[in-house]
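You will see subunit A twice below: alongside subunit B first, and alongside subunit C after that.
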Partner chain A sequence: MDFGFGINRSSTIDLTKTDNGLFRRVCSEEPGARTCMACGSCSATCMASDLSGMSIRKVLLAMQRGQDIRHMLSKCMLCGKCTMVCPRGINTRRLVLTICRLYD
Partner chain B sequence: MIYEGKKKIWSDYQKEIPDDHWYYVRSCIRQNFFPASERMFTEITRGVLGRDIYETPHHTTCGGIAYHCDTIPQETAMTIVARQFALMTEAGYENYAPSCITSFGNYAEILETWREYPELEAKIREDLWKACRREFKKPKCLAHSSDLIYHWRDEIAAKARFRLVDRETGDALRIVEHIGCHYAKMFPSKGVGGAEYPYVLAGMIESWGGQVVDYPERRHCCGYGFRQYHVKANRGYCVGNTVKKFESMEPYHPDAIITNCPGCPYFLDRWQYVMAEQTGRTYGSDGFGIPVLTYEELAGLVLGYDPWDLGLQLHQVAVEPLLDKMGIKYDPQAKYLGVDRENLMRPQLPEHLKCF
Partner chain C sequence: MKENVVIIGGGIAGMEAAGQLLSLGYNPIIVEQQDHLGGHVAQWHRLFPDMIPAQELVQKLGESIAEANVFLETRVNFVNRLSDGWNVMLSNGINIVCRAILVASGFTLFDASRKEEYGYGVYDHVITNADLEAWLNGSADRRVPFRPESMGFVHCVGSRDMKAGNTQCSKVCCTTAIKQAIEMKERFPDSNVYCFYMDLRLFGKKYEDFYINAQKQWGVQFIRGRVSEVSETMEGRLQVKAEDTLSGRPVKVQLDLLVLMSGMVCNEHSSRMAGMMGLDIDSDGFIRSRDNEYHIVESNRPGVFYAGTCTGTKTVPETVCEARSAALAIHNYLKGR
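Right, the complex of A and B next:
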């Protein structure tokens, strides 16, 4: 029956039901990923961020929530600016390449 | 645990409820949704409990719906409310009991605003006098009508013919209590148990033999939320909230839901049909839904009133499984007979949600 409206899906993330296996595999190869404090410096300096929504911070968060990150990863131009500003010294460019390798 | 200390803390969450002489005002919408509930309130409080409950036909809307839909300013709602208080003053009452949760929240908000800004109260008094030559005293006590049933719950239990107990197994029925958001979330001190531990419906359930179901989304909104529902494009969000509640309570297998708000029982009841039609999903057992009752209807059931006199045939979700569990006798043939045995006509039954 068409009521003229559907049922909006809840945005709640149930961490007991999400698969964060990719995040754990990435952390085993790039332990620095665990030190991210989500300050957003990488997003602020990212050349692709404004136009495409690419953000290392968002990528790490989405991986922990078991969400799709393919659309963000494909926008990274590997310029390395985020690596230069990261206060935790995470090698973000290598992190992106590791994620891409493990993702496939 | 220091029990005395716990008792002391809990006493801070209680509210004083006078035992008699109440000025009762009905809701705009409850009589359309659940037509016997308010009549049953007056029947139980006057007839069964022998209390003085006064009503006047001059009462109008409190303006709460329009205020919460952003169509009138608060000053307009205040002047409407001032007139209601004037009617109470003229009738010689000091205790004010609205049947609607949003009215209750509206009254509480206005009284609190007047306490904070006395000059605004003076202006409203002047506006009321100019508009209709009336004056008013503020109520000494403001309580929702569910507070009154809560206050008299043990008297009702003493007169009960049925208890919230499964007749076959002897187990307490598992009841979900859903409290309207405007009851205590805005002004916690105005509700029994405050916003954190609202006890008004849980107290009734326990007193009448049932078991309260505690589930993760217990305090989540039913989804109505005025602005969400009244704009059709937003109704997906509205029903999305209801889905969230039902998904959360389903694993606890509740036998029924009771509510104290006009909108909540309507949406929790009717949305079960919408959810079933859209997803094929039902939340009760054997394809039925979970019956949703108002607290007056539940009080009427335990006191032994005929379910069809309580208007339970106007619910979307079939209530028969609950009646069977409680051991309440009913005539299935009389379900769609109204007052004076007038034929209300049998409705078309839904495809997915099992009904009679």
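Right, the complex of A and C next:
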């Protein structure tokens, strides 16, 4: 039946039900990934960010919130600029490869 | 005869100053309202960043003032100005004439029940930072569950809050939250621990290392957003709501324990003292130093000095340094320098 309106899905993130298993698996190989402080340097310098929305910061956050990150990861060109600027010294380029390998 | 110096407040500031004044050859007299010395620090468990037991510091300070006069459970009833000093009347009937007074009356912990949306005193498992320190020190607290699966820390409770009348940042609570999060993780390694913050203000020596350690080694989860409301589920767990401002989406989570990082506010005792001695109050509600750059331990009145959190929020090392500096300022004043 068409009521002439729809209901949007709730945008609330429910951490109690969130599955952040991927993030935990990634962190067991790349513990540095936990130290991200959301400074945004990686995305600011990323060549893919401007046109595609790729952002290491957002990838790390989305994984912790159990959200899909494929659309971002697939845009990475593995140039490594983000690794150069990360103040926490996270090997972000290798992180992308690790995430791809552990993604199921 | 050694010259009297009255110290109002027997917290770590008053104790340290008394120790220094003793070695400078004075007769410090500590007036403390509570039944113990050491103030808030005496109730604390461990101090960041090196995690030394708070009790160790209080004990050390106690040893250094073994020869000082200490009046516990005593209040200052009245202070009046003499031509060359002050007359201090205590609640135990003793009158002291002195040329110098050190105000070290400290702070009050913000009353967390004033932030009604957090449910302190209403829900079963909401406690404050001070309650958690007491529990870590071994006192029983039925609000702390036997085996919590999830815990949360709420930063800035009663600080940075114009509505609560406190615009100031309490400085120590970001680090305290991280310290306590780690201490809880040590006890409950499988639990989820969340810190809800607006900014992480980790300015002091090794504070940022603390943060990195909490993230990397302990997996403490930091969520940028102020908790907006807490409710209780049918099962008696806490449902906490905030905005995850980094995701730009609302976030909710069920917790077994919520710890409120109550801030430091100026205590009513200090204001009373200020009234009796004609001391200025600063725009933040704390007692006003002669200026906030160079003469922190000096007041607008002759012979009245300050140390510690009566003039604003401070860390333990800052407080102790100020107490030493105040002792020297008093010494110079009494020597007519």
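Here is the rule we go by: the second predicted complex is superposed on the first by the 103 of 104 C-alpha atoms of A that agree within 3 Å, B and C clash if a C-alpha of one lies under 4 Å from a C-alpha of the other, contacts with A are read in each partner's own complex, and residues count from 1 in each chain.
Operating definition for what follows: a residue touches a chain if its C-beta (ideal position, glycine included) is under 8 Å from a C-beta of that chain, and two chains touch if they have at least 3 such contacts.
Note that the structure is predicted; figures quoted are calculated from it, not measured.
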| item | value |
| --- | --- |
| Superposed partners subunit B and subunit C on subunit A - clash or fit | fit |
| Partner chain in contact with A:Thr35 - subunit B first, subunit C second, else both or neither | second |
| Partner chain(s) touched by A:Ala44 [first = subunit B, second = subunit C, both, neither] | neither |
| Which superposed partner A:Cys79 touches (first subunit B, second subunit C, both, neither) | neither |
| Subunit B versus subunit C as contact partner of A:Arg9, first or second or both or neither | first |
| Subunit B or subunit C, by number of subunit A residues touched | C |
| Touching partner for A:Met1 - first (subunit B), second (subunit C), both, neither | first |
| First, second, both or neither for A:Gln64, with subunit B first and subunit C second | second |
| Subunit C versus subunit B - closest C-alpha approach in the superposed model, Å | 5 |
| Doubly contacted residues of subunit A, that is, touched by subunit B and again by subunit C | 12 |
| Subunit B contact footprint on subunit A (complex, rising order) | 1, 3-10, 12 |
| Residue ranges of subunit A in contact with subunit C within the complex | 11-16, 27, 31-32, 34-38, 61-62, 64-65, 88 |
| Complex contacts: residues of subunit C adjacent to subunit A | 150, 192, 194, 200, 211-212, 215-216, 219, 221, 224, 244, 246-247, 249-254 |
| Contact footprint of subunit A on subunit B as seen in their complex | 232-233, 235-237, 239-240, 243-244, 274-275, 277-279, 351 |
